[in-house]
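The next part holds the structures, each set out as C-alpha cells.
You will see two complexes here that share chain A, one where it goes with chain B and one where it goes with chain C.
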Partner chain A sequence: MPEMVFVALIVGLKQTYCKNTMVKIKKNIAISDSGFVFDPGSGDSYSLNPSGLEIVQMIKLGKDFSAILEAVTEKYEVDSGSFERYYYDFIATLAQLHLTEPDGKD
Partner chain B sequence: MTKLAFERPIIQRINAGLPSKYGMSHRLEPLSHIDGTPIKDLIGEFGSPLFVLSESTIRKTYKEAHRAFSSRYPNVQFAWSYKTNYLNAVCNVFHQEGAWAEVVSGFEYDKAIANGVPGELILFNGPDKSTEDLQKAIRNNSLIHLDHFDELYEIIHLSKEMTERPKVAIRVNMDTGIYPKWDRFGFNYENGEAWDALNRIMANKNLDLMGLHTHIGTYMMSVDAYRIAAGKLADLAIKLERKHGHVLKYIDMGGGFASKNTLRGAYYPGTDTAPSFDDFAEAITSVLMSSDIKPDHLPMLILETGRAMIDDAGYLVGTVIANKRLADGRRATILDAGVNLLFTAFWYEHDVRPVQPVSDQTEDTTLYGPLCMNIDVIRGNVMFPLLKKGDQYVIKRVGAYNNTQWMQFITLRPNVVMLDSKGNPHLIRKREVLETINSQEVMPEHLKQFKL
Partner chain C sequence: MEKIKLTIALSGLNNIDSPGPGIPVVRGLRDSKEIDARIIGLVYDNLEPGPYMHDLVDKSYKVPYPSDGVEPFLERIRYIHQVEKIDVLIPNFDSELFTFMKSEKILREMGIRTFLPTLQQFEERHKSNLPEYGKKYGVNVPYSAPITSVEDFRNMQDKFEFPVVVKGKFYDAYIAYDMDQVALYFNKIAAKWGLPIVIQEFVRGTEVNVIALGDGKGNTIGAVPMRKTYITDKGKAWGGITLEDPTMMDLTYKIISQTKWRGGMELELIRTTKNELYMIEINPRLPAWVYLAVAAGQNLPEALVKLAMDIPVTPFTKYDIGKMFIRYSFDLIVELNEFEKLSTKGEL
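Let's turn to the complex of A and B:
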C-alpha cells in the first residue's frame, strides 16, 4: 500500500513537471502532412520545414521537451545542447505567431 | 546506423498573392571553393575571418578590359588605381600585366616607387600633393595631373628652381549629364577654366603639357557619360593643336566603371545592370576615333579603372559567431567580420553565401558583424539559409576599396592571402597583433603607473 502511494506520487510529480514544460498548439490550427499550417483565427498560413513539422507533430501528440529531445537525438546528428537552443527558439517563434496556447492555459 | 543530418526547425509565413519580381524563391548556392581551393582549408590554415584574393581572376579581368579597348583603339594604356587596393602583391599582378601606377597621395606615390614602378610611368592625381611630393615627382619625370591653380603656380615656381622639366596634365571636370556632377576636382570645362589653365601652361616655357585627364564619377552605370566626357576632352585636344600646334601625348579617361556588385536599394542586381568593358570601350573609343583629331595624332588612351578590375577577385570568408532572434521575430546571424573590415557593406548588398551546403530552407535574416555598434550590419533583411554557430560563410566581390578603407576598430585586421594561378595560397598581408597597434603609441612617463 505505501508503495502504491509512492508510485502515485511519482506519477503526479512527473505529470506536474510535464505540464509545466509542455507546449500546446492551439486546437484550431490546421497542420497538413506536408508542413502547411493554417490559422483560421487570423487567416494566415505558414510553412514548416521537415524538422519543424516533425517537432510540431510530436508536440501535438503531447510529448514534452525531454521526449522530443530523445526522439530527435536518436534519429539525427545533433547534440542535446544545440537542439535545446533550436527548440526553444522555434517554440518562441510559434508563440510569436500566436500558434500556441498562451502560458497557463494548456 | 548513421544518423541523419539535422536542420534547424523553422516556420515561415506564406505571403500568397504578394507580387514578387523574382517569381520563384531565391536559393543561395553554397560556395565551397575559390579557384579550386577549399575555403574550409584556407580558414583552417590562416584563421577566420580571412580575405582571399584570386590572382587568376585579376589577370583574367585585366585581359578582358585590355582587349575591349585595344581591339577598338590603336594605343591603350591601363594604370592601376592604387587607392582601390594597394596591397603590394595586388599592385604587382597589375604591373606584371603591363599597368602603370595611378596614385593620389605621397604615400601611394612612395608605395609605387617601392614596388619598382619607374617614375615616368606613375600618374600623380589628387588635390593634396605637398611641395616635397611635387619635387620628387618632377625629379622622377612622373606625370603630374594638376588639380587647381595653386598647384599649377607651385609647379611653375618649382620649374624655375629645378633642372628637370615638369611633365603635367590637367584634370578636367565637366557636365556629362549625370548626377551628382563631380566638379570639385580639377578645372571646369563649361566655364572655360580648363581652357584657361591649358593656355597658361602653354604660355610657360618650362612645363611640358602631356595630356588631359578626367574622372567623371564612381560606380558609373551610364556609358553615355563617358561618351560626352571623351567628346569634350577631344575638343580641348583639337583646340590645343589648332591654337598652339601642340599635340597631346595622352587622354586619360580615369575610372569609375561600375562593378557587378549591387548597390543598396537597387531594383535589379548589379550582375544584370553593370555595363561591360566592351560597352565602356565602345562609348569612349568611338568618340575619339570619329573626332577631328588627326589619325596620326591620336593620343594614347589611358584608363585608371579600379573597382571593375578587382572587385570580383576579392572574397571575405569567415565563421558564424551566433544566432539570435530580434524583437520582431526576425533572425539575426552574427558573423565574425564587420563593417570595420567590409567598408563596402555601407554601399552594397553584398552577395553572402554559405560555404557548406546546409539547407534549402531560408529565413528572413539580418547579418550583423561582431562589433559592439548598432551600425555593424553586413546585410539587412536577406533570405538566408539557416547557418548555425561555427558554420562558414563567404562574401563575394570585396576586392575593391576594402583593403584600403578598412579600419582597425575594436578588432584587429585579419590575414590576407592570394591564391596563385594553381590555387596555392600565399600570405600577402599578416594579421595585426596587439603589438602592431601598441608599437605606434607612446606613453608619457607620468601615465605609466597606476594603482587600482
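Let's turn to the complex of A and C:
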C-alpha cells in the first residue's frame, strides 16, 4: 500500500478545527485534475500532491471527516490516529491559505 | 466589417524597466477588429524603444518636454498634424496630462480629438488631495499630507507613525523608517519631480490594482482588477494576474459614477489582512499593464479611441479571471542611421 503523504504540512500549527466541523472549500476556488489550485480572489496558486488532491476532492464532494477517514484507511497504510493528525494539519493549512469557508460556512 | 481608418498619435513609448503605457496601448489598437490605426509616436528621448519598433509604430516625432511650456509643444503638434492629419491623440504620461487638458479645446479646433479627464477630476485626485477625496466620495484612504520641506514634516510628525511612504507628485514612492530616510527620499524625489512631496501613512497589506475606463457620464465602460505577482525594485509590475473581486469592482463603479470620470484610469489599492480596501492612488490614464486587460477580453485602448471619436461603445460586462502577464526584456537592434534620423531630424 502506498504511504500517505500530505502537502504543505505546517509543523506546530494550532489546531483550529474540531472533529465535527464540516469543512467546505470556497466555491470560487478552481482545482484541476493535476492538483493545481487557483484562488481567483487573491490570484495565488498552489500545487497539491496526489494524496492532498484526493482529500480535497472528497471534501468538495461533501464528505465529512469520518467518511474520509474510512476511505483513506481502506486505501492506504495509515492508522486512524496518524491520519487524523495529518488531516487536521492539512485542513488548518487550507484555512490559513483562505481556501476554505470560515467556520464551515457555505 | 470594414475597419475605420484612423491616425492615432500617442506618447509613452519608453518601453523600459519602468515602462510607459504607449506600446501596450498600441498593441491593443493593433488587435482591434474595428480600427485600422496608423500609429504616430510622440517621443521625448532618442533612446525610447517605441520609435524603433516598426511593426507597432508607423512614424515617430520628437516633441518638446511639457516643462518647456505649452506653446512650443502645441507648435510641434501643429506641425505633426499638418503632415499626419491626427484623428485622436492619447497622452500616456501623468506629467504631460495637464498640458493636454489645458489644450483640449485648441486641439479640438485643429481637428484632433482626445478623451481625457476634466481639470477638476485631474486635480482632486492628486496624491496631496487624497484625504479630501476619500471624505468626499466615501472611500478609505491612508492619511497623507503634502510637504515642501523636510521641516514641514518635522512640524507634523505627531500625525504620522513610522514607517511612512514618501511620494513624488507624479512618480516614485519609497518607504521611510525614520527621519533620516524621509530627508533622503525627499531630496531624491524633489530633485527629479519637483515639489510638493507627499507623505502618506503606510498601510500594510497586498497591493491590488484596477484598470478602468469611464465615459465621462458616470458609466464604467470597462474594468479589470489585477494583483502584481512580481514587482521590480522600482515597484513596477513585472508580472500580474487578473482577479475575481466584486469589492474592487464595486469601488471602481462607485468612483467612476460619483466623479463621472472621463478617460482611462488606474486605481492603486491596498487590501489589508482584514480584507479592507484602501485607495492609495488614482492614476489618470491607462497603466502600462493595459494589454493584460486587452488579453482578458476588454480592449480598453480601442474603446477609448471610439469614445474620443463619438462612436457608441457598449460597456464590457466580463473578463477572463486568472489571465496572467509576464513582462520580459528584449534587445532591439537599431541601425545607426535610424538613431541618426531621430536625433538630427526629430523624425523617424
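Here, the second predicted complex is superposed on the first by the 84 of 106 C-alpha atoms of A that agree within 3 Å, B and C clash if a C-alpha of one lies under 4 Å from a C-alpha of the other, contacts with A are read in each partner's own complex, and residues count from 1 in each chain.
Note that a contact is a pair of C-beta atoms (placed from the backbone, for glycine too) under 8 Å apart; a residue touches a chain by one contact, two chains touch by 3 or more.
These numbers come from a predicted model, not from an experiment.
With chain A as the common reference, chain B sits beside chain C without any clash. Shared-chain residue A:Ser51: touches chain B; no touch with chain C. Applying the stated contact rule after C-alpha superposition, one finds that A:Tyr76 touches chain B and leaves chain C untouched. Judged by the touch definition given at the top, the superposed model places A:Ala30 against chain C, while chain B stays out of reach. Looking at the shared chain after the overlay, A:Ser66 reaches neither chain B nor chain C.
In the superposition on chain A, A:Gly43 contacts chain C only, with no contact to chain B.
Ranked by how many residues of chain A each touches, chain B and chain C are led by B.
With chain A used as the common frame, the shortest Cα distance separating chain B from chain C works out to 7 Å. Those residues of chain A whose C-beta lies close enough to touch chain B in the complex are 37, 44-52, 54-55, 72, 74-78, 82-83, 86-87, 89-90, 92-94, 96-97, 99.
Taken together, the chain A residues at the contact with chain C in this complex read 28, 30, 38, 40-43. Chain B contributes residues 3-14, 16, 323, 325, 329, 359, 361, 388 to its touches with chain A in the complex. Within the complex, the chain C residues that touch chain A are 206, 226-227, 229, 240-245, 321-322.
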